[in-house]
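Per-chain numbering from 1; labels A, B, C and D assigned in written order.
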């Protein structure tokens, strides 16, 4: 991550100049600094874009960063699209970009909700662009049914990773006792998977670890804080550990524990590997987190289609495990946190499949 | 009535002031003066322009033409606040007391600076100052009481106290404008008010606006009579009689024709409404009467007599909780307006702008509001039929409007009231309850309304009338109920030529 | 008969006055029946702590709602000020490290956003609903743009002690919220602006006639609200030890719900910051109770909705309203 | 004349926006793109269309987002079993939710803001119940059989547009030509006068909220058809844009003044601003800020304040 920081700081400088523009009230200021250049009709080269929920969360910010870096490495134009949590906005934005680029678009999408993926894939195919989807898609939607435009779907397997991190949690408190768990929005696929992973881990302890309560905090830090406060009241020192389906909620839980003097005493685990969580792991307040590699997904979701477009590979000839695959989650614990921080995973834009860990499994 | 040195300029003077609104000339070349230590009276029928005049004096309206002088200096009053700071305080007819604030806060609203200490209001000092002002109106309430807890009469006294607070805060002469201050007050409070005015006169001037001629004669030194936006007469109160004043107010000697007495129909046999021991807790009780087709039943009573509540119960605005009511032979119990409307009972409300009309609706839309189902064919509105009806009624009631599609909000009060009447006629009511039907409309329109009342009775409708004035009740009604404290205290037959006098009624009212 | 009517009126009035408190008490009893742990000192401290930020936000929102307006910019302003505060103290991104001085700066920025709300609303005559909605969007956008999606981690223990520190065993955030409440109460009761806000909310035309500078008062009320949101942002940053654009997620509707549940009318003129504090506690106890009572997660929202309807229908004085919109 | 211009300000504002974006990027100007953009706006319009009635009576309906999501769940859950009947069932579910909000608001006399907010919590729970807390796929064959009216094209025009147009026409008829619409306007402008005219105002209000719920549900059905699945969070982040559409179109939030075509234009304004920023390549960091300010500007331009005494 440290390596990322200089480039992030550079980005911050730009943003500050942007803010100056805003402070100048400027519609004029904003317009001036924010509009790159008019695009006249057909563009000769491919435009690359990442579509994600919101730049307000670190995972997606790094995801966008990956796309930007890759585009820079090949000298292509790059855009970030945000859905703001609104499915229709996400879809319309992609359509607009397809229209603007005349279909010469490579887009790497983390759909707002799994149903969106189908529409996006269909639109991209119709316009002749190429698409990679991340995390969310309907189970019956497959890249090979949309050859060649639907390049791939990539995800991280929530079940084994959640199970692994749950085991880290159990280890942290000695493997026996009650835990509480914070889930994401009930109907989100990752939320479901991570809950399943947790359930598996608990089942394997043969009753030694008990799930005292499960509450969805909707990925919301504040909600996680309030729920954890209530848990402290309800279960008191029965709580031996807190499982959070993402780091944001984990941080909320941690702060609630801190308010009650329990930070560091009651271990927390999260998933995502955001900076704050890794630091908490170092400090011994988190028992661990799973680091996805958003820089990798953000860049590889563009690099793979680009390789197809430039003829380096023919995606239709690739095996299924290169069309629907899991990336590698890194379990970060106290043992490797410092190492992880000082030496974050690197991404080689030319190594397309290096971090692929197998074909996606459908469980339901 | 101390003698004035002729040299001192009048405290307040209007020279040729005019003010117009779309369709109405509210003030037409009005000139008048209020002298130092004088109580000037301004009288006139509703709609004569008294309230507009006050609003000009108070800075709410800016005149289109003419001049306003205070202590001989021409001034322009852009807001009530400015008028206040100039020494003119108004006691509103429509109360300007805010229920969410305390008595003291209301009295000093907008003028809290004198109680500030380090930017904070000293409640103790403010309450103490307010208590001083309350003493002047003999109101024994704690200044920290929220005004929502006060009766209307008490609120009126607070309003007067607010105006009086100017007294100790302005150098030089102040003028207090009292707009119909007695309408919500009880006899005792009215007397108190008169004492206050007499006291005020020693160091201030007062303009007293009322349509209660007896009061005006008692309390004022000089009287201006207004009619149709003009000052038509000025005379000294001493020696004047109510009859003289009346003559100027209405423009002619009061005569039977004004109320179309000749057209007063003899009631038919058919009973349209029969009330037996009707009551509503806290409002009225044991009210019984019979109303026949072709009859105008007047109800007289002061504020608090329960007649307004009775009218609203009869029209379904609030339920009665005891007694029985029969409408056109059917026993009914109204708990909502639609139920009353379905039985052919309609109410022309006193609050025309709030309950009578949808100001943003056109004339036609307002007219058909209570009878919409009649103008539907195939599920959609039949605009042609609606327009036709509207035009017919515009002609029939001589409504002055640019067209049937004009917004009702732009019409004068009289024309608006005709639209409300037309609405209920179109809905086909059998019984129409008129609550102050001529409030705030000009004389010509009043006569049209009276004509319309006679038309209705001629067509076999029955009317219940809560008149704006006693004369109106007497002139129009064929029978009169007098109410006091929620009960009927007297019933008078009022055939043409055999009408009771105001004195007869007042006896049972108070 | 009259006397009887008067006395039932008196009872109703007393009930209306105390209803929000009664509802809160009933709720507490209900929850503690399910889970006696509710009635522990520790839980009360936790409840106070959970209520701290909502109380601060409600202080601002109450003034706006008392005017009959509405403020939808809560989340935008809180996010923005939280981000600014966390960037100004010692953190892992910038190096200003101005320590506690960040708090007044952030609060003032909140006030500036409030000023923008009020100014645009009054001068352009746009309804507060839309004005604050738009400016709230902008505030969230600014928070996102300043950070570019990063999360700032606060490394300043003094600043964090604004939330974590304890005095007499009670978290500092609670004391700050208490101070904010006292300030709001003073403003409401003892300053001209406070009284004028009531006057405007009750009858703007009369208020204008009384010489109250209505436009200025409106703008000032929005500034006040902004200042409170700014404080809320500071507390949020201190509580979570970080600043990011999502920190205020979900604050808007809970704030307005709390104000209304407390008995302040959306139509203006009726209510008080005291009511809002009670409203906050009703909402906080409700959320806390959901977990304590072990209500099935997916029906929680539904139960909460029903209980809010029950609470409002008991607590809100609607007798004086001719129409309810 | 001035009044005429005032009436069409939303359209003019929209036209200016379109010209601005088009001047910047001519690819924006194509029939196909216009059709696409408009078709994409239709779910937003459908959500906003019903609420327009509620806002016109001076109320507000904050439950539409939850209602649309719930409807998508009902549709997806029952399409296989009930076939085409799942559609009316979903719409009925929305109507009931709308009615529930209205009953709470009118009978318990709770401001609609809180009543519908509270009901939306209940509706959200219902959505989770119908979907068993999952998103549910609609198999393509079922979609083709029952939902082709909402997706696809006829005469070169996307079906969403047909649906949107039909709804707009029907609702406009309802609002402009029927007694119901007349009373909606009257209640918004001066409720007490309508009550005093013997109209059962509560019934009209119940109908308005029910309509709002039903249309939100229809929006949810169309969304589900477009996305091929239902989910309890499908319509998230739709509420505020929908209400913004109504107000940006020039309908007064205080009630009495407004129309369905205004909401249509308002929804298009919201959409064009958003899409326009993508076309113009406005930095993603600036987008939300620009969006916020344009919303305020749009209202400042389009709202007819001549009839309002005070702006709250």
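Going forward, contacts are C-beta pairs under 8 Å (C-beta built on N, C-alpha and C of every residue); 3 or more make two chains touch, one makes a residue touch a chain.
It should be emphasised that the depicted structure is a prediction, and the values quoted were computed from it without experimental measurement.
Peer 1: Given the two chain pairs C-D and A-C, which is bridged by the higher number of C-beta pairs in contact?
Peer 2: Of C-D and A-C, it is C-D that has more C-beta pairs in contact.
Peer 1: Can you tell me which chain lies farthest from chain B, using the average of the Cα atoms as each chain's centre?
Peer 2: Chain A.
Peer 1: Hey, how far is the Cα centre of chain C from the one of chain D, in Å?
Peer 2: 29
Peer 1: Taking the mean of the C-alpha atoms as each chain's centre, how many Å separate chain A from chain D?
Peer 2: Chain centres of chain A and chain D, defined by C-alpha means, are spaced 31 Å apart.
Peer 1: In angstrom, rounded to a whole number, how far apart do the mean CA points of chain B and chain C lie?
Peer 2: From the centre of chain B to the centre of chain C is 44 Å.
Peer 1: Touching two or more other chains, which residues of chain D qualify?
Peer 2: Residues 128, 133, 192, 195, 285-290, 293 of chain D touch two or more partner chains.
Peer 1: Could you say which residues in chain A touch two or more other chains, in rising order?
Peer 2: 15, 18, 22, 55, 186, in rising order.
Peer 1: Which pairs of chains touch one another in this structure?
Peer 2: Taking the chains two at a time, the touching pairs are A-C, A-D, B-C, B-D, C-D.
Peer 1: Give every residue of chain D touching chain B within the complex, in rising order.
Peer 2: Residues of chain D touching chain B: 173, 177-179, 182-183, 185-186, 189-190, 192-200, 256-257, 307.
Peer 1: Which residues of chain B touch chain D once you look at their complex with the stated criterion?
Peer 2: Residues of chain B touching chain D: 316-317, 336-338, 340-342, 346-347, 349, 351, 354-361, 365, 369-370, 372-373, 375-376, 379-381, 423, 427.
Peer 1: Quick check on the complex: what are the chain D residues that touch chain C?
Peer 2: The contact residues of chain D facing chain C are 57-59, 62, 104-106, 108-115, 117-126, 128-129, 133, 191-192, 195, 240, 243-244, 247-248, 252-255, 285-296, 299-300, 303, 305, 309-312.
Peer 1: Chain D touches which residues of chain A in the complex?
Peer 2: 15, 18, 22, 27, 30-31, 33-41, 55, 79-82, 84-89, 91-93, 95-97, 99-100, 102, 113-116, 118-119, 138-140, 185-189, 192
Peer 1: Which part of chain C faces chain B closely enough to touch in the complex?
Peer 2: Contact set of chain C toward chain B: 1-2, 4-6, 186, 189-192, 195-196, 198-199, 201-203, 206-212, 269-270, 320.
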